[in-house]
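Chains: A, B, C, D, E, F and G, in written order; residue numbering restarts at 1 for each.
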Amino acid sequence: METFMIIISGILYTIATYLILNKNFLRIVLGVTLFSHATHIMLISINGLKRGAAPLLGENAEAYTDPIPQALILTSIVISFALTALLLVLGYRTYIELGTDNMKKLRGESHE
Amino acid sequence: MSNLLIYPIIIPLLAAMVLVFFRDRIKLQQWISALSLLATIGISIYIIHYVSTEQILVLELGGWAAPYGIVLVGDMLAVILTAVASFVTLMCLLYGFQSIETGHKKHFIYPMILILLSGVNGSFLTGDIFNLFVCFEVMLIASYVLIALGGKKIQLRESIKYVLINVIASTLFVIATAYLYAATGTLNLAHLSERIAETGQDGLLTAISFIYLTVFGLKSGLLLFFWLPGSYSAPPPPIAALFAALLTKVGVYTVLRTFTLLFYHKPEITHTIILWMAAITMILGALGAVSHWEIKKILSYNVIISVGFILFGVAVGTEQALSGSFFYLIHDMLSKALIFITGGAIINIFGTDKLKEFSGLILFRPLLGWLFFIGVLALAGVPPLSGFVGKVMILQGALSAGELAVSIIGLVTSLMVLYSVLKIFIHSFWGETLMSEGQEYSTGKHALLPGTILVVCIAAMGLGAEWVNTYVAQATEVMVNPNLYIEAVFKQISP
Amino acid sequence: MNLKFTDVYLQTATKILVFIIMTFSIYVLFAGHHNPGGGFIGGLITASALVLLYVAFDLQTVREVIPVDFKKLAAAGVLIAVLTGVGSLVLGVPFLSQTFNYFDLPFLGKTELATALIFDLGVYMCVVGTTLTIITSISEDDI
Amino acid sequence: MLDKVMLFAMFLLTVSLLLTLYRIIKGPTVHDRILALDSIGYIVIGIVAVLSIQLDSHAYLETILLIGILAFLSTIALSRYMERGVVIGRKRND
Amino acid sequence: MDGSAMIEWIVIILVLIGTSMSLLSSFGMLRLPDVYNRAHATTKSATLGILSILLGAFIYFLFTHGVSSIRLLLGIVFVFFTAPVAGHLIIRSAHRYGSPLSPISVQDDLQKLLDEQAIEDDEKVRPIEAES
Amino acid sequence: MSTLHLAILLPFVFVVIIPLLYKYTRAIHTGWIALLVPVTLFVYFIQFFSINKPIEPITVSVPWIPSIGINFSLYLDSLSLLFALLITGIGSLVVLYSIFYLSKDRERLNLFYAYLMLFMGAMLGSVLADNLLVLYSFWELTSVSSFLLIAYWYQRKRSRYGAQKSMYITMTGGFSMLLGFIILYVASGTLSIREIIAMGDVVSSHPLFIPAMFFILLGAFTKSAQFPFHIWLPDAMEAPTPISAYLHSATMVKAGVYLVARLTPIFGAQLEWSWTIIIVGIVTLFMGSFNALKQYDLKALLAFSTISQLGLIMSLLGIGSLALNPNYAPYSEYFIGALVAGILHLINHSVFKGSLFMMVGILDHETGTRDIRKLGGIMHLMPISFTLTMIGAFSMAGLPPFGGFISKEMFFTGVLDLASHSNGWAVIIPIVAWIASIFTFIYCMILIFKSFTGTYHADLLERTPHEPPFGMLASPAILAILAIALFFFPGLVDTSILEPTVKGMAPSAQLFIDEPNWHVHISAWHGPTLELFMTIALILIGVFLYLKIEKWKGPLFELLPKRLNLFTLYDKALVGMEKASTKITKTYMTGSTTHYLAYIFTFFILVVLITLFGTGSFIFDTSQDSPLEWYELMLGIATVIAAVFVLFSTSRLLSIISVGVIGFTVSLFFVIFRAPDLALTQLVVETISTALFLLCFYFLPKMKASVESIKFKLTNAIISICVGVTLTLMGLTAYGYRVFDPIAEYFSNSYKLAGANNIVNSILVDFRAFDTMLEIVVLFSAGVGIYTFIKLRYAGRNE
Amino acid sequence: MTTQILINLLIAITWMLLNEEWDVVSFGAGYFIGFAIIASMRRFFPVPFYGRKMIAVIKLFLLFVVELFKSSVVVLKEVIRPTLKIKPGIFRSETILDSDFEITLLVTLLTLTPGSVVMEIDPKAKVMFIHAMDVDDFHNNIQRTKSRFEKAIIEVMR
């Protein structure tokens, strides 16, 4: 399953990158969200899946899956959330002030 | 004793949180933030003293020993940078007391500045790669807020790019850490160093190091600096000064740290790439600096050039060159603060940063003029200011290693630095005085105190370079001998 | 005949549901040490409950019912979390050292009390405060 | 036996999920999609419940209630958005 | 048949009923002509299908692990209460938004009323032009 | 700290004192205070001078940055003493002169004298330093202080222009020189000039030795205004005249000469060194004298003459350095002679050029113009001035009985010797030198006679000229006397200065090995030599050409191509550099995030993929995979389908919902992966994110089907696929790479260690609580940030 | 009535304290005992015994379950049938209930019952609009079901 999941996350990366390279702000932010989803899947997959019970000692299993990736992903999820929220509101404000969400139009007078 | 290390991180943090409760009491906010910074500086200096006379400080957070918990490691490199960062923040803050608008002050600008510093200090001190990511995020999120604060069109336009690019960089950081953990099974820098050394840093690890290089290159402006000029021109001058002095330097520090502590086994691949990245960075930065006629843009490109120069020393990687890079890094933090603060004051005074629209300021702001001029000289590396010593040290290292071509690039770009910054001096301070005192948008006098202090520091650092070098040498010692770091973390006393 | 359709169904149901969700969130907060959960999730669930209120009612009504400055709540959360660490400084142990012990309490029996819970409470407050700051700020914006 | 039935149940639920997903993609109206999304929430609850039985772990039971909460929240947020133009409204003077 | 096997059977039956219900309502989602009719299908899949599965899970954990999962019980209650609210809100919103009834519909008293009655503007705000 | 150190420090002390005292001493001319410095120093340095015997070299050192080899070490020998005397001596005269030249009421004298003291100190430091980097430090300081001096009248555009030009060009040289010095340090391990000299071959065998030599020469040439770097000097004439007199006679421009002289023992044996200097010197000589003819501004004329004279000195030093070359050992005597001539002419030039600048300043002061077309016929109004000017000009023209005559004769000797003892083509050098001397003669005549004789145009002058006050004449008069004295008593300097200097410059010359007791002997009369005939011919032709000048000058300069003008070339180069920089910068700094991200991704893909495959590290190993259930497979496919849907959807709502669906499937995966905490968190976060998307969504415009070009899409597609592939391959490799056990085992004791059954939670709140602490700071900051973004708006919306 | 429930809870907790057992079973036992005590002493309270309401609630619940199954069969038959023969529509219906809570309960039950979803409510005019899957079903069954629910709810609430 690990290999499968790594490939899934690779596909997500591809799609996310394509979205990120878009001109439309919303697509970009969606791409960023997908990018971090892919990262979380990658992080947990390459460190071995289902190698034991959930890391809850009450489960009385012989082995537990590695809790470290889970802890890292948790932190990362929360941070991604904070960043996505900030980015979204920034895009929203930009749209209101500058009237566009097209990154092409946000170039500024390149090289003033 | 080791708890000392936490103070540079939590003093600003606690102060920031307290400030949230005093939103409308600006004077009180200023007092609290200045005092907390003073305390941070004081403690940092004490830590430097301790580390220099005793040993590398290691704090096992939560009492969990490495590699299981997170450790803070205060080697000379980290603790000096902590002190300088706190000091520079104080300078920018002093400058900002008058020049920042009341609206900003009521909208959490001080807490954000303090949080930024907390993240910066955390990044310097942490001994854990994932914690480094988190510290980065603390620093970055504060910078996102600061850069967009005020919501001017240019700010929004630039900050959206800044945030976007950095968010992607942050994700890459997580990816790299994912791979690294999968490959080594640990997150602790010292432990990583040991394990990487055990494998001799094979291909996968080198490839991972390049993901880190991409991330840190982005943060520091090494080659991947495209976001920087726009972003640094957007926020109000005190914030721009803070960014210029601190943010990219954290990126530089991480390159320095990771490529001396973790990925130092294949310099023929990694360091060669860094070398040419540095060279291209210097060239492109210099071209950018020369091509502009706005103070903010010129100064922003100067940030890039110096990053290239510092990392040139890192790429050379010899003890001499590393010392030089570290020396230059400190110099650059101080002088960038100086030039951005004084340059910011010019912008404050004229209300614009377009060089062609003003002149003759020296008639009623002579001190500002001279402070800026000294800043110019410091940037260009004119002796006996600190930039000169750093430059010489890097060049000594580089030429000993036979890197003539990039050394020449380094010097040619310092000329272009001179050209670009001198242009600012000449166009703003010299020429016919078109404006009389009292007509300015702002007096610009708030830059004088921090400017003077910084000039004194820069001069003292150049003239007293030998004294500074005793500390720099201690920092370099750890860089060239990672075992010192590892032993400190794992408490093995070396024979 | 003029009819006026209202949200009576949604709002009455919400009043009941919010209590269920709040209870659940507090449970998740404190159960986090041994079961899935903790400050983050607990905080987010509480935030969801409050968002539910906002959606079902409106900004002003909820603000009258819950007159909390969420920014300060978030700051207080961070302060609490950091201060649990500062406690260790006072005791001379490494920063953020957590400790735990078991007590026999009436009604609850053998109960574990851990400083980590206080830390988690800080996390919880920060999460609630932040999430609602974000959501209310955006909702209050008039273009 | 239990294990196999759970796998079968999982199969049925996944088919339901895909059918509902089709509705999300097909639409045709926004409300159809909201409805399908709501449905997906319930199916996922079912999947988690079946999975818990299969994994013989009660570690995921919190998830069930949580999905319920969130699916509900999303649904009413979306519906309100569609009918009022904003998710969180202001007091109306009536 | 001993106790635990019986419990197992009860669980199996409950789960199978639930999943079948769920599948059937998904078919409903597919087949029924408009959003109003489909709403019938979902509210039912939630109540009958999911409640049945959850009940199965509750019984499973109660008897095989001795865990009376209040969380699961709460979940059942919650789903029970929210499903109708959600269904109600979605089609109310659909109607307010102006989603047409399918042609096979025979009657729309509400629309008749609305046509007769002047409705305040703010009830009719169209946030966006119909999409897709 | 020695007296020598204090001597250098003194001017710097006055840099601070003068502005501080300025307020309180407005009653007297600040120049009088400043005058204390050069006079004191001159008195101090003259004590080392004795006519009969050479000075005992003095070495003193104070550590500065010993860790990188920089010590504040000073070395006083005859060469540095000569320069010290020139700096302080002519410095005294210039300050004296300036007291009368500059009005204390109109000028900001505090700045003027502070800059001047700064410059003087820097100059002294440069010539006394033994440590290369200390020398460099002072060297740069001369550039900086001359920049300030030239731009003294900063309101004037020409002043700023001239100051910048001199700064850029001399700094370019300076940086190049720095590089050379550091190479010397790398090669020798020391920065002490004397120690490097003592090392000999160790240094010269370093592979970068020759490059270092050229780097250093570039420094010397730029400073000494050698072709083609001379172009800064004429524009530097924008400085107040006392400054020009000082900088361009005795000090600044001589620094390059000093450097060449000082480093000759290190590099002199290299032919590259000698010939570079000779050729550059001769070209400079010729070009300078030729261009001087064209000038109407007296100061400009003097500027070109300075260039030309410096070329002459340089070429002599170059010829002289051949004495060190083993191939030329048999002729070393002749080349030593050239060295002597070079040093002697250096002295002469300082004397006559100093006086001439001051005289031009007087003319300017008295008549209000320096344009020779406006001047003329004022000889009888200003007879003393005329006499003093004539002495200076004749000395420069190389006429007896003035010092210039001797050194010019010796110069002819030098070039003739060179021609006869080296390659055949070198014969061209004396010819060029001779022609240049004719030009020199002509411009000297122009200088005197066009301004003092001929018709007097009262209408063109602002005021009626008369002799200046005595104080103003004193300094040029003293120099004029010296110019005569140097003809009659050359012995003043031969034993004391010239001899030890040339011995120091060419210690290994065959001549000194053969004749340890060799002495310099200079006399005004050599008998009827070829040189003398050259001079006579020169005068005859010169007089003839001078008389006919109006006839040939115009047509001659018409002939020359205008485009090759180095001055316009400089301007165009600067403009071109800005334009080219702008163009290059514009090509990639487009302001487009898409572009920037594309660059970043491309870089990332390249370095990572090349490393992964270049080192052959790719691993594909599925042996450790856990089984893949079909429902997991379907879930994965559902995820991908939803993601692909986002890619093609043009509806914002649908895109958002699809991403939400992906978020939920990810949560389900977390359930499958035994990560309940993650599943819970992901679920809520996903929902709230989706809610936020919707909250902000209303205001965003409709998404248009993308109208981008195929090329744009294709590029993006390729980059995206590469990113995906790179990360997948890295993932597979990292997954298949099993060398170390993770540290995870430790945490299964979390109940004992942290009293927690939930390991993930115990990591979050205990083992890695610091992460969590900072993480909530991030969250908090984001919340506050969003609040401020919405609440704090720029007051002037319509910027 | 609230007092009765509180006392009942108190008795349950006391029971647990006495037994030093802290689980659901012990609580259930305690609650049952309390229920019995309160039932036996119901005349001391000024309001009727809350057990009656309990019975009403159970009755309502049973009614709901029965209706749920009856109408489920109807709807599912429609869904499975090869060709759709439904005649849906939105119908006006009036209610006799008036408090918010009562209406909420009614709407919940009606909506949960297959075949009908409540769309709009005007509590003041006591009018609601119901979407039904089949017009005949609405007139034949749903209206009747609604009246039954209304009666059961009034029994519970008042």
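Things to note:
Heads up, the rule we're going with is that contacts are C-beta pairs under 8 Å (C-beta built on N, C-alpha and C of every residue); 3 or more make two chains touch, one makes a residue touch a chain.
As the structure is a prediction and not an experimental result, all values here were calculated from the model.
Closest to the protein's overall CA centre, chain by chain, comes B. Looking at which of C-F and C-D shares more C-beta pairs in contact, the answer is the pair C-F. The most distant chain from subunit F is G, comparing centres defined as mean Cα coordinates. Distance between subunit D and subunit E, defined via averaged C-alpha coordinates, is recorded as 10 Å. Averaging Cα coordinates per chain places subunit B and subunit F 27 Å apart.
Between subunit B and subunit E, the centres computed from C-alpha atoms are 57 Å apart. Mean C-alpha position of subunit F lies 91 Å from that of subunit G. Within subunit F, contacts with two or more other chains are made by residues 582, 585-586, 589, 591, 593, 597, 629, 652-654, 672, 674, 676-677, 679-681, 684-685, 687-688, 691-692, 695-696, 698-699, 727, 731, 734-735, 742-744, 747, 756-758, 764, 766, 768-772, 775, 777-779, 781-787, 789-791, 794.
Counting only residues that touch two or more partner chains, subunit C has 3-4, 9-10, 13, 17, 24, 28, 34-37, 40-41, 45, 48, 51, 71, 75, 78, 82, 85, 95-96, 98, 130, 134-135, 137-139, 143. Each of residues 25, 27, 39, 41, 71, 74, 78, 81-83, 85, 87-89, 91-92, 113, 127, 131-132 in subunit E touches at least two other chains. Those residues of subunit E that touch subunit D in the complex are listed here as 8, 11-12, 15-16, 18-20, 22-23, 25-27, 29-30, 35, 38-39, 41-42, 45-46, 49-50, 53-54, 56-57, 60-61, 64-65, 67, 69, 71-72, 74-75, 78-79, 82-83, 85-87, 89-94, 96-97, 99, 120, 122, 125-127, 130-132. Within the complex, the subunit D residues that touch subunit E are 1-2, 5-6, 8-9, 12-13, 15-16, 19-20, 22-23, 27-32, 34-36, 38-39, 42-43, 45-46, 49-50, 52-53, 56, 58, 61-62, 64-65, 68-69, 71-72, 75-76, 79-86, 92, 94. Note for the complex: subunit A touches subunit C at residues 54, 56-58, 74, 78, 82, 85, 89, 92, 96.
The part of subunit A that touches subunit B in the complex is made up of residues 20, 25, 28, 32, 35-36, 39, 42-43, 46-47, 68-69, 72, 75-76, 79-80, 82-84, 86-87, 90-91, 93-94, 97-98, 103, 106, 108, 111-112.
The touching residues of subunit D, when paired with subunit C in their complex, are 59-60, 62-63, 65-66, 69-70, 72-73, 76-77, 80, 86-92, 94.
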